[in-house]
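Can you keep this structure in mind? I'll have questions shortly.
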Amino acid sequence: MSWAGPDEVFLSTSLASYLDKKLLVLLRDGRKLMGLLRSFDQFANVVLEGACERVIVGDLYSDIPLGLYIIRGENVVLIGELDLEKDELPPHMTRVSVEEIKGAQKAEREATDLKGSMRKRMEFLDYD
Amino acid sequence: MASEEESAVKEPLDLIRLSLDERIYVKLRSDRELRGKLHAYDQHLNMILGDVEEVITTVEIDDETYEEILRSTKRTIPFLFVRGDGVILVSPPLRTA
Amino acid sequence: MGLSFYIYERSKLGGVIGGGLQLFFSYFKDLVGREVTVELKNDLAIRGTLHSVDQYLNIKLENTRVVDQDKYPHMLSVRNCFIRGSVVRYVQLPPEAVDIELLHDATRREARGG
């Protein structure tokens, strides 16, 4: 029951072969979404059903459920077909709860921000 | 000898046409520079270069002193397609009179 | 349907193909089935067999592997992918698939038509 626009999209490099498959969508801001491809067009706008965001912090990861997502093509970097026979992630990675991953993400962000703000302070000192 | 039509320079891209099969310098976004032989280009400045040398300049922040350290990494690639939207400038080879 | 056909069409029509210039589209069609490395603007580099390309230079790769796998663990089980043309920085080309004379010829024709 998928609809994928006019026939000509099937003639070019198209996402038709990915319809109804489980995909990984990389976005320009670095986010990783997963879900079933239900529709697309020539701009690579895509509809993902059962979408979730896979957040990875170091060796920890978690999938945050999102629902039905319509993604604007401009923001799409890559759409990958997941090989269901293979492990999705390396064995050393551990799945944690949504709360835990959000905490880890926050800590990571604060560490980067600290480095940035320390640098600004040092630059300020350089001006004397 | 090139015909008059072939060698006339009326617009910026004519200079690039005259650089076909010559080594050119290309400055790209995200602090990248290329030097290579120009084999093909189009109006978007998409290009194919040969014998390419790429230099990436990165700024690293020292963890202790928070000083900026400039580091350039070099690599060579036999043939490279370059997407035009990343191009900042193209410089043809210097011709000695 | 590749670069030779493009040059043939150019010479026949005097440089006007529906207003769209497509030298690199034609060139990449010739590369289908070859191994290439696509480097993206976010620094991700993927090697794979070129499956297809379209007018926007969107690219489909098969049997892909990420060059720096440890840095991109989420790409581990991706075997085939679609890459949006606009996010491509470079494509490393196999030397045996670069016909310099043909490229020069096509480029001069494209420049004349443009």
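In order of appearance the chains are A, B and C, and numbering begins at 1 in each one.
Keep in mind that, in the parts below, a residue touches a chain if its C-beta (ideal position, glycine included) is under 8 Å from a C-beta of that chain, and two chains touch if they have at least 3 such contacts.
Quick caveat, the model's predicted, so the values are computed rather than measured.
> Where are there more C-beta contacts: A-B or B-C?
Answer by contact count: B-C.
> What's the chain with its C-alpha centre farthest out from chain C?
Relative to chain C, the chain with the farthest C-alpha centre is A.
> Could you put a whole-Å number on the gap between the CA centroids of chain A and chain C?
Spacing between the chain centres: roughly 25 Å.
> Which integer distance in Å separates the CA centroid of chain A from that of chain B?
Each chain reduced to its C-alpha mean, chain A and chain B end up 32 Å apart.
> How many angstrom lie between the centres of chain B and chain C, each centre taken as the mean Cα position?
19
> Do you know which chain C residues sit against two or more other chains?
Counting only residues that touch two or more other chains, chain C contributes 86.
> In the complex formed with chain A, which residues of chain C make contact?
The touching residues are 40, 42, 44, 46, 51-55, 58-60, 64, 73-84, 86-87.
> Any idea which chain B residues touch chain A in the complex?
61, 65-67
> Residue numbers of chain B touching chain C in their complex, please.
It comes out as residues 6, 13-14, 17, 20-21, 28, 30, 39-43, 46, 48, 50, 77-83, 85-86.
> Where on chain A does chain B make contact in their complex?
115, 118-119, 122
> Write out the stretch or stretches of chain A touching chain C in their complex.
Those residues of chain A that touch chain C are 12-15, 18, 24, 26, 28, 30, 32, 44, 54, 56, 73-74, 76-84, 86-90, 93.
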